[in-house]
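Here it is, the structure in full.
Going in written order, the chains are labelled A, B, C, D, E, F and G, and every chain counts its residues from 1.
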Amino acid sequence: MAFTPLHDRVLVERVESEEKTAGGLIIPDSAKEKPAEGVVVAVGAGARDEDGDRIEMDVKKGDKVLFGKWSGTEVTLDGKELLIMKESDIMGIIA
Amino acid sequence: MAFTPLHDRVLVERVESEEKTAGGLIIPDSAKEKPAEGVVVAVGAGARDEDGDRIEMDVKKGDKVLFGKWSGTEVTLDGKELLIMKESDIMGIIA
Amino acid sequence: MAFTPLHDRVLVERVESEEKTAGGLIIPDSAKEKPAEGVVVAVGAGARDEDGDRIEMDVKKGDKVLFGKWSGTEVTLDGKELLIMKESDIMGIIA
Amino acid sequence: MAFTPLHDRVLVERVESEEKTAGGLIIPDSAKEKPAEGVVVAVGAGARDEDGDRIEMDVKKGDKVLFGKWSGTEVTLDGKELLIMKESDIMGIIA
Amino acid sequence: MAFTPLHDRVLVERVESEEKTAGGLIIPDSAKEKPAEGVVVAVGAGARDEDGDRIEMDVKKGDKVLFGKWSGTEVTLDGKELLIMKESDIMGIIA
Amino acid sequence: MAFTPLHDRVLVERVESEEKTAGGLIIPDSAKEKPAEGVVVAVGAGARDEDGDRIEMDVKKGDKVLFGKWSGTEVTLDGKELLIMKESDIMGIIA
Amino acid sequence: MAFTPLHDRVLVERVESEEKTAGGLIIPDSAKEKPAEGVVVAVGAGARDEDGDRIEMDVKKGDKVLFGKWSGTEVTLDGKELLIMKESDIMGIIA
């Protein structure tokens, strides 16, 4: 079952980040405002600018991303818990 | 009786999603913020950009879509309970 | 007495929809959020886009339309109770 | 004494509408949200679009107009009680 | 001492309007929402449109204007009590 | 130590205005809403218009300006108390 | 581990400023509204203007910047406490 997000939406699978990794990303559970980590599963075709043209998306399928902990809408697709959010909710790409 | 939504509005027929399907979409009734599932029945001609030109719609008749559970205005057309919503209320297309 | 709505305004005569018609539109009186039905009596010349050009109206005189139950401003013209509303308050055209 | 409204402002003289006229406009005093009737006394040169060009006004001196009952700012000019309002407060022209 | 208002600002000297003049402007002291009268002392070079170009000012030095009673910021320049306000606070020009 | 304000920001050094000068600017300490006086120390490269082009700044280093008494963010640079504010907080230039 | 901020976001490492330096920047701990000091670690590709084109960033990696004390979202990357903020939260560059 494929899901294509509309406009500038992105489908993200949340990744539980380990508490402590050598050289890795650490997001302690107690952190109130720290962003969450996830992997992009599908991206929309992009929002439109004021002339009605598409704005190319900056994230692509497979990107490991950081996003606001409370961003997006939860959806269950093929038994997986996923998140639909706007690209603007994504803070950056971890490489 | 035909109904043509104005601008960027979409006419959607809600689909009651089964609680549990193999490889299917699962939206438990208890989920507070989970999107609802539906089928697009009719689409408007599109909103206009800042130059007054139409912006092409991204969904078309027959598309199976996810939308916010409380999106849209209920209307009864030919005895069917339908929803009129803006395309921006639609989160994505299931294929 | 003629009335010409300004900009993107529309003059609409409300139609009391029958409770139950075969193949017709049914809007029970108890429905809280269901749209109302009406006929367009006059339309404005259209709003202007950001370059100052007119945006053509999507509804025309005689169109049977659905609009938000509480939309518009009531006005009595030639003894008839009419509504002045913005085209954006109209959800679609019934044909 | 002449008064030239700035931008998209309009100077309007309120007309007390008769309670009941054959084929005329009727605005009972008890109506809470019904628009008021007036005659345009002077119009501004027009607001400017995003390129700084003037947007032509849709009403002109002498037009009989309907406007929101509470629209505009009262001003006394040459002993007459007048209203300065934006053209967007005017709902339409009666002809 | 010269003062040049920035952007679309205007320097205005308030004029105490006489309570009653033959054929003149009358603004009784008790009026809550009535505009005040003043003379333009200096005008800015104009705001900029969305392309960064200047929008020409509609008022000029010496214009007798009406403005919202509570508009602007008071400033004392060369011993005179003046007001700095945006051109959009000015309702029109008296000639 | 040099400080370059970003975008349309301006670095301003507040000037304590004398209470009473012949032909000078007077800002009594009791005035609640009267603007403050200062000298521009550094200006940003300018904000960008909707096409991404720079909008030229209207103030320059050395300009004596009036600004809202509570405008800007205080910063201590090289031991001096300075203010970083947006150009739009500046009301005009004293010459 | 590299982190690429999206759009007009910037990754900043906060610098604890010394209380008192000769000719240096002083930000006393008691200051309520004083900006914080930091170094830019990574910058996004830039936001897009209304035509969908990138707007070039004004800060670059290594820039010593001032930003609002409460700006940005904290994130721990490779064991370092960093901040993701929008370029517009940065007030200026110290050189």
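Quick note on the criterion: contacts are C-beta pairs under 8 Å (C-beta built on N, C-alpha and C of every residue); 3 or more make two chains touch, one makes a residue touch a chain.
For each chain, UniProt lists the protein as follows: A, B, C, D, E, F, G = Co-chaperonin GroES.
It should be emphasised that the depicted structure is a prediction, and the values quoted were computed from it without experimental measurement.
The fewest steps needed to get from subunit B to subunit F, moving only between touching chains, is 3. Centre-to-centre separation of subunit D and subunit E, using mean CA positions: 23 Å.
Separation between the centroids of subunit A and subunit C, computed from CA atoms only, is 41 Å. The mean-CA centres of subunit B and subunit E are about 52 angstrom from one another, to the nearest whole unit. In subunit C, 50-51 are the positions where the chain touches two or more neighbouring chains simultaneously.
Because contacts link each chain to exactly two others and close back on themselves, their graph is best described as a ring. The ring sequence of chains is given as D, E, F, G, A, B, C, with subunit D as the starting point and subunit E next. Residues 23-28, 31, 33-35, 49-51, 53-56, 58-59, 66, 68, 87-88, 90-95 of subunit C are the ones that touch subunit B when the two sit in their complex.
Within the complex formed with subunit G, the subunit F residues making contact are 1-7, 9, 11, 42, 44-45, 48, 50-52, 73-79, 84.
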